[in-house]
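I have a structure here, written as structure tokens, and I will follow up with some questions on it.
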Amino acid sequence: METMIRLENVHKTFGSLQVLNGINMEVKKGEVVVVIGPSGCGKSTQLRCINGLENIDAGRIMVKDIDITSGKVDWQVVRQKVGMVFQSYNLYPHLNVMRNLILSPMKVQKKTKKEATEYAEILLDRVGLLDKRDAYPGQLSGGQQQRIAIVRALMMQPEVMLFDEVTSALDPELINEVLNVMIDLAKSGMTMMVVTHEMGFAKAVANKIVFMSNGVVAEEGPPEEFFANPKDERLKSFLSKVLH
Amino acid sequence: MGFDFNFIMEQIPYLMLGARNTLIISVIVLLLAVIVGIVGALAKTSGGRFLRLITGMYVEIARNTPELVQIYFVFFVFPSLGLKFNSFVSGVIAMTFFGGGYLVEVFRAGIEAVPKTQVEAAKSLALKNRQIIVNIVFPQALKICLPSLIGYLIFILKMSSLLATIGIVELTFVANDVIANNFHAFEMFSAVALLYLIMVWTISWLLGIVEKRFKYEL
Amino acid sequence: MPWDIVVKNWSFLAAGLWATIEIFVVSMIAGTVLGVLMGVLRTSRVFLIQITTRAFIEVFRGLPTLITMFFVYFAVPMLFQIEIPSFLAAVIGLTLWELSEIAEIMRGAIQSIPKGQVEAGRAMALNKAQVLIYILMPQAVRRMLPPLIGVYTRLVKGTALASLVGVNDLVMAGKIVVERTLEPLEVYVFIMAVFFIINYPLSVLSRKLERKLI
Amino acid sequence: MARMKSWVLLVLVSILITGLFVGCGKKEAADQTTASALEAIKAKGKLVIGVKGDFPPYGFVDEKGNNVGFEIDMARRLAEDLFGDPEKIELVVVTGTNRIPNLQSGKIDVILATLGITEERATQVDYSKPYFKSGVQLLVPKDSTIDSLEDLKGQQVITITGTTGDAGLQKLVPEAKLLKLATTSEALQALRDNRGVAFAQDNTLIYVLAKQYPEFKVVGEPFAESEWALAARKGETDVVDWINKNLDTWLQEDYYYQLYEKWIAKDTPDNFDPSVWIKRP
């Protein structure tokens, strides 16, 4: 199967803080990879490096066959292939839902307003928010905003989706409506890389789970084996904290 | 000395001319100052080192020297440097200079108040830097700046009174011109003060309404 | 020779500068004291006090300071048959503007302090005045400081208006020197430099305090 | 408790300051209601005269910052007559715009500031006898072709708000566009910068300016001629009478000519006849 994302010995520091310490990882087409680990282990930084929100210090990151660390990468191309959803939704507060969705397709992909709007309606309908097309983000609940944010990323018809703790800022009763959208998306065959604390989600849809600790991949494997039979000591202690 | 209403009634056409000119000048200056402010703010937030330094120096000089002296400078000093403009243009240049200096800081603060995560989200959606500034950062910054812009239109309107000193026929000039020949200082200054207050209060009221509407959308 | 004109007329310009400083200091003190008072009155629960102070503040914040100054200098003496020399007219004009600005800052600062602070103070059996002095004022002062210094920098610049009611301040002295020499460049650069030197540290301080607050 | 005290103190001081402003005003106002204006001046112990500060050689400020000039000498002689001491005087610098308001408001007792006699002003103040006659002429750049009022039609002309030149020009050449400024220094600079084709002002001033700055010359016949007089508040006839008595004495003594020689002669063209301006016995 084709490799969508590959990280090779990636290093990243913030000042004197070593965040990524030689990460090696691979996401294949159609895979759902869930990244877990204690806070500050570099999970989010890793995602942000993949679409160029952070620069890495050493190593190599490939998105399909593009080396995004080569220094002469066209980010507009890469970012169309890689969609990203953030913890704090980051919808544009000054634009209504529809204009949030169609801005990039029109500006970047030069789609007509009609084309973009039609596609947005299909996706909105799929997440059950078609009736909110004219609302402003400030008028929506967190769960609704996050579902819109997912749709917004999908509008670019990306080949990989990155999810950065997308349910962490939500009230508990709103988490499932977002997870359900993600589960549907996984079932439709989307390649996904998901940083999350939702172990239930990981068990349900992940092809592979990666445990990060101190800026390296400490353990990885398919979910059944991973949860049933953890080997790494740090993972054992982490799991005992989050599973009970 | 009583209040001579008839005298004021006679002066109404002249007063209205002054008030009209005060408004026209203020609006022109505000528009130009907004342009200067936006360009300066962009230079300060995303320009190179040199550009930032130059903009910074401009802002400090504009903000830390008296407006009156700046007006004199343009009107009385520029010609000796080979730059001669008539009263009106000189006044507009000087006021745009200090108005723009204030607005650079207003817009810079506005731009910096837009959350970084907005830029990241836009980047992740493959927008280019210029598109991000135009479509995402700027509209949001503008709304953040709006209350300050109200303040500065009023500031500019009030400052336009200084233009009387270089012979521009605005409201304060009208007052001086009339009392130099007719001496009804109390009546004239009361009338002029009232006109200024009506303009200032109307602007702050109107823009207050706009501000409320904007707030709702955010 | 650069600065020749300034050096030759130094004592004359210095006398003007001294007048400018005097105007600034006197109006600064008067405006601050009266402004704080007015600000406290503005937050009064008594409707009549509230409405009068508000009207006062709105009028003198709304008027161009030059108009206020002209009014004091030309109109008030006629109206009340009293004598107001140039210097006093300049000071009163600037003070009326400044105290209104300060009162408004003061009101904003007091009202920005959460109600809970007052309630906590009252719950601890402090009386109204004590709440004002021990709870509200110290917190308000910290919030007021940056905009207060901002008002002072505007006041420094405002002193230039004194020349327009006949005070022999720095600007007036400069004008007279220019008339004698017909060399405006040096003199005006000098005047701007003097104001800049006074004002720049103030505006830096104001920004520093503002950042500290955030 | 200490802090409480300082707070109360602050309040008291503020009230005191406010009271002071109001109190001062009231006291001065009381003085002015005294029956005899001259007696009131005497009681005050000094003569407060509004003079020019930017009008050499009549009233100006010298390099040491002192008020000096033709009219300042007159003012001091008035004080000497009244108090036997030329120093019992307070000179208030006034401008063309504010001299009459200053007088009316009681800021000054007398105007001695190149004030021309006009009907309109006569309704506002009481004039003394004239001590000087001036007319408005035009100051133009040396190479200018302007030489009469005719030439000003459709041109921009510099004047000073509220002066005889300003009013006269508006009446005689309404087709001229006026750039009205506040002081001579500003007008002069505007002329140098070619902001107008001419500066219309009293010939007393512009002859001097023309001599001082060779780049300019005086042209045209005097127009809007006016006689200068001192002025007191309306109804203060005792002040006016007292001034007139002095003026008569000065004329007999040929004092005006002495003042002309002291202040003006050096600044006028060589064969200039001073009787254009002053009377001689």
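In this document, chain identifiers A, B, C and D correspond to the written order of the chains, with residue numbering beginning at 1 in each.
Keep this in mind: a residue touches a chain if its C-beta (ideal position, glycine included) is under 8 Å from a C-beta of that chain, and two chains touch if they have at least 3 such contacts.
Quantities reported herein were computed from a predicted structural model and do not represent experimental measurements.
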item	value
Chains touching both subunit B and subunit D, listed by label	C
Greatest separation from subunit C - chain, by CA centre	A
Nearest-to-centre chain - CA centroid comparison	B
Distance between chain centroids, defined by C-alpha means - subunit B, subunit C (Å)	20
CA centroid of subunit A to CA centroid of subunit D, Å	82
CA centroid of subunit A to CA centroid of subunit C, Å	55
Centroid distance [mean C-alpha coordinates] between subunit D and subunit C, Å	32
Residues of subunit C engaged with two or more neighbouring chains	74, 76, 78, 164, 178, 184
Numbers and ranges of subunit D residues touching at least 2 other chains	101, 104, 182, 186, 189, 192
Which chain pairs touch, all of them	A-B, B-C, B-D, C-D
Touching residues on subunit A, where the partner in the complex is subunit B	48, 51-53, 75-76, 79-80, 82-84, 86, 88, 90-95, 103-104, 107-108, 136, 138, 149, 152-153, 156
Subunit D-touching residues of subunit B, taken from the complex the two chains share	76, 79-80, 84, 86-87, 165-167, 173, 176-177, 179-183, 185
Residues of subunit D that touch subunit B when the two form their complex	96-97, 100-101, 104, 120, 124, 161-162, 166-167, 179-182, 186, 189-190, 192-195
Residues of subunit C defined as touching subunit D within the complex	9, 11-12, 15, 30, 33-34, 36-37, 73-74, 76-78, 80-86, 92, 129, 133-134, 164-166, 168, 175-176, 178-179, 182, 184
Contact set on subunit C toward subunit B in their complex	58-59, 62-68, 70-71, 74-76, 78-79, 153, 156-161, 163-164, 171, 178, 183-185, 188-189, 191-192, 195-196, 199-200, 203
